[in-house]
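Both of the next two complexes hold subunit A, though its partner changes from subunit B to subunit C.
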Partner chain A sequence: MDLFLQFLANGLVTGTFYALSALGLTLIFGLMRVVNFAHGEFYMLGGVLGWFVTAHLGLDFFSGLVLVAVVMAGFGWLVDRVLIERVRGQGEEPGILLTIGLSIFLANTALLLAGTAPQKIAGPLPNAPVFLGPVVLTEMRIFAVAVCAALILGAHLLIKKTKLGRAMRATFQDPMAAQLAGIKTARVYASTFALGSVLAASSGMLLGAIYSAQVTVGGIVSLKAFVVVILGGMGSFAGAIVGGLLLGVAEAFWGGYVSTGMVDIIGFIIVILTLIFKPYGLFSARAERA
Partner chain B sequence: MNQNTSPLLQVRGLHVAYGKTAALHGIDLEVGKGEIVALIGANGAGKSTTLRAISGLLKPTAGSITWEDKPITGWSADRVVAQGIAHCPEERHIWPAMTVKENLMLGGFLCRTHAEVEERIGMAFHRFPRLRERQKQLAGTLSGGEQQMLAIARALMSEPRLLLLDEPSLGLSPKMADEVFTVVQEINAHGVTVMIVEQNVYNALSVASRAYVVETGRISASDSAANLLQDPDVLNAYLGA
Partner chain C sequence: MKLERNSLLILAALAAVFPLLVTDQYLLHIGIMVLFYAVLASSLNLIVGYVGEFSLGHTAFLGLGAYTAAILSTRYGLPMWATVPLAGLLSAGLGSLIGAITLRLQGPYFVIITLAFAEVLRIIANNWVGVTNGPMGIAGIAQPDILASASTLFAKRFYFYIALAIAGVALYLAYRFVYSNTGRAAVTVRENRYVAQSVGIQPFAYAMRAFVLGAFLAGLAGGFYAHYISFVGADVFRFSFMATMIIMVLIGGKGTLLGPLVGALLVTLMEEYLREAQELRMSIFGLIVMLVVLFLPKGLMGFLTLRRERRGDQGDAPGCTPHVQAQGGAA
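For the complex of A and B:
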């Protein structure tokens, strides 16, 4: 039983990270209909930049996180205005090709500049164990989960409660009506892409402090984010959170009780089952149209 | 129209094309302050295209649009609405997955303060009591007539001086359509100039003071609504008389 609780706790911790990294992907898809294959590279950039600003510029973790968020917001904005803008309204395929190209470019540029060695980001808290009954976690992990939860909540409030969030939803539901209301839709798209980039990069930096930041990590991160988004439903906020937690817990149990060597297979099993039984995911608004 | 004052809106030689297909071949029209002007004509004649070019949804290939003596040709839609021209598009285009109130709040997107938005929403609820009752409902769950009222109320949230109304009676019961036309007259009585596109020519001519007849991308006739209602050609073509 104690082992079960420990696996559950580990799974929920990892699941929170999955949820945050998938959130950016699902937002960009849900609001802009862009399937962003460079999502994992945005996560990677967050980690590598996080390592650079803390280890080389000497910033503390929080200032570093803020700086990375600002830089990645600007980067996401530019990617949208300079690249995505050109394929807007042409269906999903041109966007997919474009972001695949971007992911290759980013991964190789990072490889050239930062090298292949994994880099540990100095976290604000030690990896000292914390005992919660029979469950052991580290201070840094609890802290990272709290930051993830805060970022998820912040993104939720931004979309539901602010003027920019309303403009985002309006642009997604009916871009023409949004223009007629005076909304500059090009700015809304760029802001959405910037927000998605910030969420991906923040989770990259947080996890870089727990595991390590590595330039080759993009592929696996994209893969997991797609698993979560397919499970939860493309474009669904709640789906990304529940999907992330489910994937985290499923992997923890599989790793704990079955085999640690083949943990990544769980994601593929989930995707296959979802596509067979619930092809629009658990929470998709499009389910009734299926 | 009163010829002594310069028109509120002046359109000269307007050409619009969808790709290589020309839709408008030189539209000329004027709208004076306080008027209700109707554009009538068959399906595909270019009525909606004219409105879409004025509101900035489409870029004209030639010609000019002048608003209060200022050229606004080719301006983007968000700039045009800021100038005081609101476009209530065909098929309503409300945001279905947002509440009635959120739809109205977004209609007032260009307001500088939240208080201003709330004040205008109060006015909208005063004019459309049913929207107040349904303010927390998702707009997609409203009836067709209520959705049309919401679309008009949303357009009025920008406090326009000119309201472009595209097919407001489309898909409505005759009783509901009458209500919509009554609202249009009320709005006009409060000083908002209206340009209305309608396939229901009889209804359009009964609220409008003047009308332009659009045929294959050109203005083929223009006269007072009363005269057009007597015109045998118009009656034949559009009223099936």
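For the complex of A and C:
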């Protein structure tokens, strides 16, 4: 029974990380109908840049995180204006191919520049164990979960309460009407892409402090993010959070009780089953779009 | 149609005399890889170009074919002429299973579910040590008896002709498929699903045929690969194979029969040229994918046919005209 609670806690912690890393993907898909296959590479860039600014520029963790967020916002904005802009309105396929190309390019260019060795980002808190009843967690993990929750809440408030967020929701509902109402949709698209990149990159840096920042991680992160987003429903904010937690818990129990060797397979089985039985996910945002 | 058929026949004739003129084993090896990739790219093209859905899971069929041939050969001692067709048939079986599930989905959902299937197979191949020998892979796959006392040059020539035969079968089947009622129906579905349905074409049935044929051809290629390299590991499921196939189909032009051949030739030669710099090669591939999508969305063959049409050359319109007209006009 003790182990059950420990697995549950581990699963919820990992699930929060999954939720944050999938949030950017689901936002970009929901608003722009672009499936960003380079999402995992944005996460990877966050980790590698985070390592660079803390280890080489000597910044502390928080100012490093802010700097990485600013850089990645600019990068996301540029990617949208230079690449995605050109294939907007041509359906989904060119966007998919373009981001697959981008992901191959980013992953291998980063490999050339930074090498394959995993890099540890110095976290702001030690990895000292914390005992909560029968459950053991580390300080750093609890801290990371808190930052994840804060970032998710921040993104939620940005979308629900600010002018930019209202413009985003309007564009999501009907781009043409939004344009007629005076919303500069091109700018809204670029901001959404920047926001998605920032979310991916900050989860990359945060998790780089817990596990390690590695150049080759992009592919598996993309896949996990897809699992979460498909489980939750593409474009759904709540779906990404619930989907992330579910995947985290499912993996923790599978790894704890069944086998550790094939933990990654559980995500793909979830994807296949979801797409067969409930193809638009648990929380489909599809109905909102006419 | 005539243009495509004649070009295919000329290419086949050129390929048939190539090993007689060349005695350099390295060149022969490149020739074999070009043919191997030509089969793979053509099989992916059946799905990408004629179903109109983008599959990221084509390595599933390549890998299954390779493992089938490897296991049948090492464990049951079957000769190559039996293992390669069996590899194709088993892949076709898996293709009909995966197709029955995945072809109900479209767009990004199709891309992701095919990727998920390939990943599942890769994880199984890596972990099911009893059958696949896990990460160690299967080594020492038997060569045909005829090569036992032959020179290495003869072996390369032998494999070249086997590859050519497989490529011939692949292109013959693809050609017959594309220029049959089934192929025309598939093109109609690709161009406009609703119009196709309204004239009585069931999209699912036709997509399924193209998908299973693609899986069969990829399985053949995988079986050949296992014997030629004589080693199979979980590497055959890796994404760089998939990326190479995608680039070949895109550069050459999807939805044409010649396109994947041109792509296979160009990309294999470029790969050999850049083989010293592995990461740089993949970086350049990524850039090429982006540039092709942005500036050459129909690939080289699409570009050429578009120019032929612009010049008003009505002599023999190639088979892919509806596609070019439908989207070339909008561009």
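As a convention for this text, the second predicted complex is superposed on the first by the 286 of 290 C-alpha atoms of A that agree within 3 Å, B and C clash if a C-alpha of one lies under 4 Å from a C-alpha of the other, contacts with A are read in each partner's own complex, and residues count from 1 in each chain.
The working rule: contacts are C-beta pairs under 8 Å (C-beta built on N, C-alpha and C of every residue); 3 or more make two chains touch, one makes a residue touch a chain.
All values derive from a computational prediction rather than experimental measurement.
Looking at the shared chain after the overlay, A:271 reaches subunit C, while subunit B stays out of its contact range. Look at A:161: by the touch rule set out above, it reaches neither subunit B nor subunit C.
In the superposition on chain A, A:176 makes contact with subunit B only, not with subunit C. In the superposed three-chain model, the partner touching more residues of subunit A is C, compared with the other of subunit B and subunit C. Within the superposed three-chain model, A:184 lies in touch with subunit B and out of touch with subunit C [touch as defined at top]. By the touch criterion defined above, A:94 reaches subunit C but does not reach subunit B. Shared contact residues of subunit A with subunit B and subunit C: none. For subunit A in complex with subunit C, the residues that touch the partner chain are 29, 35, 83, 86-87, 92-94, 96-98, 100-109, 111-112, 219, 223, 226-227, 230, 234, 261-262, 264-265, 268-269, 271-272, 275-276, 279. Here subunit A touches subunit B in the complex through residues 163, 166-167, 169-170, 173-174, 176-185, 285, going by the rule given at the top.
Those residues of subunit C that touch subunit A in the shared complex are 54, 56, 101, 104-105, 107-109, 111-113, 115-117, 119-120, 123-124, 127, 239, 243, 246, 250, 279-280, 282-283, 285-290, 293-294, 297. Looking at the complex, you find that subunit B touches subunit A at residues 55-57, 76-78, 81-82, 86-87, 89, 93-98, 102, 105-107, 109-110, 154-155, 157-158.
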